[in-house]
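One structure coming up, written as C-alpha cells, with questions to follow.
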Amino acid sequence: MNPVIELNGLSVTFGRRAILKDLSGTVKGRAVGLLGPNGAGKTTLIHTLLGFHPPSSGTVRIFGEDIATNARRLRAEVGYMPERDSFIAKMSCVRFVRLMAELCGIPSEAALERAHEALFYVGLGEARYRSVDTYSLGMKQLAKLAQAIVHGPRLLILDEPTNGLDPPTRARMIRLIQEIRDSGRARILLSSHLLRDVEECCDEILVLKDGRIAANCNLDEERKANRKFIELETRGGDRTAFAEAIGGLGCEYALAGERRIKLVMQDGVEIDDLYRLAYERQVQIRRLNYKRDSLEDIFLKAMEGDENGAARGGEGHGLI
Amino acid sequence: MALFENSYRPYEGGLTPEWARFLVLPRYALRDVFGSKFFTAVFCLCFIYPLVSAILVYLRHNSNAIAIMQIDVRELLPIGASFFQFFVEVQGWLAFILTVLVGPVLVSRDLTNNALPLYLCRPFSRAEYVLGKMTVLVILLSLVTWAPGLLLFLLQAYLEGAGWFASNAWMAGAIFVGSMTWIVLLSLLALAISAWVRWRVVAGAALLGMFFIPSALGGVVNQLFFTRMGNLISPAALMGSIWRGLFGHFRREVGSYEDAWGRGFVEVVIREPPLWASWLVVALICLACLWLLSRKVRAYEVIK
Amino acid sequence: MTTRTTNAERMIVFEGVSKFYGEILGVNRINLAIAPGITSLVGPNGSGKTTLMNLMTGLLRPTRGTISVLGTSPHDPEKLFRKVGYCSQFDSFPPGMTGREFIEFYLSVHGYTRGEVRDLTQAALERVSMQDAAGRKVAGYSKGMRQRIRLAQSLAHNPSVLILDEPLNGLDPMARAEIIRLFQSLAAEGLYLVISSHILHEVDMMSDSVVLMHNGYVVAEGDVHGVRGEIEEHPMQILVRCDRPQVLAARLFEHEHTIEARIHDDRRGLFVRTRRPDDFYLLLNRLVTENNLKVESVAPADDDLNAVYQYLIVSEGGRVS
C-alpha cells in the first residue's frame, strides 16, 4: 500500500515548549490508530497534518505532498471530525453539510446532493431537517462525520469519534468506519483513548509519548504471529485436575481467576489432546483462544519501552 | 432488476473557482438574515429616505408638479453637494442600525460552537473567512448607502443634463468613497466585537457603545479645552470630517471663543483636526480591528 | 434476580421510586437495593441514569417512593454528604483555582481543621496520582487531568458511597486502567461505588453488579453472567472455529437441544444456538475427539454485557433513531 503519511524529522514548538520532537516514520495502513497518553502530542500532530500551523522543522507529507507548501490542495483531500462539539448554529443539518461541501469547491446543487447522500450514509433520517442545535450527542457526532465525508476525501481524520456515544450508536459508528475503510476509497486516521475502538477498526497503529513515536506497528502482522499461548475458560468437572493433566502432556500451565487456565503449547501437543482430556474428565471448555499480543500489550510495551527497554506482557494489567 | 449500492464514493465533478469561494458565506448568511421578518422590515424602512429624496429631485425638475402643489421653488433645497452629503450621512446612520442588528452574531456564534476548525480544515483560509463575513455586511450596507445614492445621482444627472453631470461627476466618487469608508469601518468594528464578545446582547451594546461613548467623551474634551481634537476619538465625528472633506465642505476653522476671564477678551480660534488626521485614525482603527480578528479567528486556541 | 438479604442500614435502597418532570418521565417504579462493591449503571442516554444518580444524592426529590442511603435520607444533605461523594459528568470549575485549592475549598466546607484539610487533600491527590500537578491552575489541565481532580475531590472526605457519572471520560488507556484499579481497591475496602458508563466491556470487567436501565425502568439487575442465563427467549449462541464446520453441524443436529447452526462466511467457523449450553459443551468434547476436528477457537457469542444490552434494550426498544 502506498504511504499515507510520511514524517521526516517533524518538530513542532510553541513558544519555548517543544510539543512534537523529531518524528520520523511512515504510515501505510488502511486505517491507522493514533494512540498515546494525554499531552503526548496527538492533537498537535493532527493540527499539523491539517496545516493549521507549519512545522517548526522537518517535513510531513500526505500522499506524497508536503503539507507546508501544498496545504490548500491537501485540505481538499482531507476530512476532519474534531473531538469537541463543532457545528454551525441555527442551521438545519442538511444546510450545514451543504455549506461545508460548498466550501470545498463543490457547486451548489451537487453540494446539496452530496449532503443528502452523506447524511443518508451515516443514518440521519428525518432529523436532517432539524437544526443541529437540537441534536443529541450521538446525532451531533454523526453530523460531524457527515461533514467530514461529504466531499469524498482520501484521508479521514477522526478524533475520538465514539466519545459519549451509547452502545448501539457506538456500534453504528464503528460499523461506518469499517465500511469506509473497506471501501478502499479513503484511508483513516483514528485517534482514540478506547483501545477497543482502535482494535476493531485499525490495521496499523502509531503510538506517541512525550512528543515522540513510541511505537509504529502493523496490527495484522502482530495478530498472525505467535500461536503458542492458549487461554481456556472452563466450567464443571475438576479444573485443577484437568489443568494438571494438561501439565502431564508437557505443557506449562497457570490457573487464573476462578475459571481460566493459561498454557503454553508444546511441540507435538494439539488442541485435540486438550479436548480428549476434557472429554475424559467431563469438563466443559467454554472458551478457547490463542492469546496473541493484543493491542493493550503493544500499547503497554510502548509506554514502558522508554524506561527500561524490556517489555511487560502477559497478564494484561486490568486493561481490556 | 438492478440493485443500487449507496457506498462511500469520492467527488469527481467540477469545482467552483477558488477566488469566489468566500462568497459562499454571504450567500448563506444573507438568506438567514432575510429570514427574519423584523430585519426585513427594518431594511425596507431604510429606503424611505432615498424614496423621499428621489421625489424631491423629481419635483425640482417638474415645473408642472410644483405649480400644482404651489410650492415656492426657492424654498426647495438645491440639489448639490450638500444634498448628497446629507443623504450619505442619513443613510450612514441607518446602516449603523442594520449593523447593530446583524453584526454581533456573525463571528461569535462560530466561536461559541467551535465551528472554526470545520471551516479551516477545508481549502479555505482565515482571510477568506473574515472576507466572507465582511462581505455580508458590505453587501447589506451598500444596498442602503451608495447604491441608492448613485441611483439618485444618476436621476439628477439625467434630469439636469450632460453639463451638470460633467461638472459634478466627482460627487459620484464622493458618494461611493464616503459610503464605502463608513461601511468598511463599521464592518470591521462589528466583526472584531463579534469575535471578542460572546453574548449577542452585550456585543450589540458594545457596538453602540463604541460610537456613543467616545462621541460623548470627545464632546466633553472639546468643551473643556476649547478644542476639536476630541473628535479624533469619536468614530462619528471622524466620519463627519471625512464626509465633509469628500464633498468639499471641510473647514479647519470652526469658530472662536471669547475668553472673558477678567483679564480682557482673548480670542481662541478653534480648529478641527486636519483631514489627513481623520483618515489616519480611521485607517488605524481598521488595522486594529484586523489585528484583533487575527487573534481570535483560528482553528484552535493556544493556552499559555 | 439475585436476592439481597442484608440489613437495610447497609444498603442503598430505592422503594417504589418514581420521578416525573411535569409529564415527562424520569424514572418509574424503581426498586433497588445496592450492596457494597462496584455497581454499574448502564443504559442509553435518556434512560434515567442521571435521574437515578440525582435522586441518590438528593439533588432531586422523588415524586413518589422513598430512598435510603445507608439509613440516611437524601433529604438530609448535612448527614448525607458526609457519607456520599459525588462526581458529575460536567467538566466545569470555579475559575482561577489550582487543583489543590479546588479540593481544599470543598473540604473546608465539611468543617475540617486546616491541618486535616491539608492531609486529606494530599491523600486524595495521591490516590489519583495528581500530587505533582496539583499546584497548577485547573484551566491549564488536560481533559484527563481535570477528570482526575474531580474524582479526587469527590473522595477526599473518605465517603462510604461514591456516585460517579462517567468517571473515565477523556482518560487515556493507562489512566483508565489505573482508575479502574483504584475503584477495585476502594470496593475491596467496603465502599459502595455507583458508576455510570457507556463502555460495556469495561463495565463487564470491573463490576460486581450491573443495573440496566431503559426508558426510565430498571430492565435487569445483577451479575451479568447470571442475568444472561435468565434471558430464556434467547438461547445461547456460541462460535466454534474449526476446519470442518459442516461435519460438526451435522453431528450437532442429531441432538434436540441444538436450535440453529450457521456456517460462518469464511467457511471456517460455525455459529451454534443451543437451548442447553452445559449439554452442548460436553457434547462438543466428544464430537471433537471422535471426528478429529481441528478446533481453532471457541467463544460464547453473547455471554457478555454487550449481548444482554442488545437483547434487553436494543431489540425491545427498537433502533435508535
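Annotations
Labels A, B and C are assigned to the chains in the order they are written; within every chain, residues are numbered from 1.
Convention: a residue touches a chain if its C-beta (ideal position, glycine included) is under 8 Å from a C-beta of that chain, and two chains touch if they have at least 3 such contacts.
Note that the coordinates shown come from a computational prediction; the quantities given were computed from them, not determined experimentally.
Comparing each chain's Cα centroid with the centroid of every protein Cα atom identifies chain A as the most central.
Greatest centre-to-centre distance from subunit C is found for B, with centres as Cα means. Centre to centre, using the average C-alpha position, subunit B and subunit C are separated by 59 Å.
Taking the mean of the C-alpha atoms as each chain's centre, subunit A and subunit C sit 24 Å apart.
Put simply, the C-alpha centre of subunit A and that of subunit B have 51 angstrom between them. Not a single residue position of subunit B touches two or more of the other chains.
In subunit C, no residue touches at least two other chains.
Within the complex, the subunit C residues that touch subunit A are 43-46, 142-145, 166, 169-177, 180-181, 184, 198-202, 205, 277-278, 281-282, 284-286, 288-289, 292-300, 306, 309, 313-314, 319-321. Partner subunit B is touched in their complex by these residues of subunit A: 14-15, 43, 47, 50, 52, 72-73, 75-76, 78-80, 82, 84-91, 95, 99-100, 102-107, 110, 114, 117, 120-121, 147, 149, 151-154, 179-180, 183, 185-186.
On the side of subunit B, the complex with subunit A involves touching residues 6-16, 18, 21, 24, 28, 32, 109-110, 112-115, 117-125, 298-300, 302, 304. Residues of subunit A touching subunit C in their complex: 35-39, 125, 127, 136-138, 163-170, 172, 193-196, 235-236, 270-272, 275-276, 278-279, 282-290, 296, 299-300, 303, 317-320.
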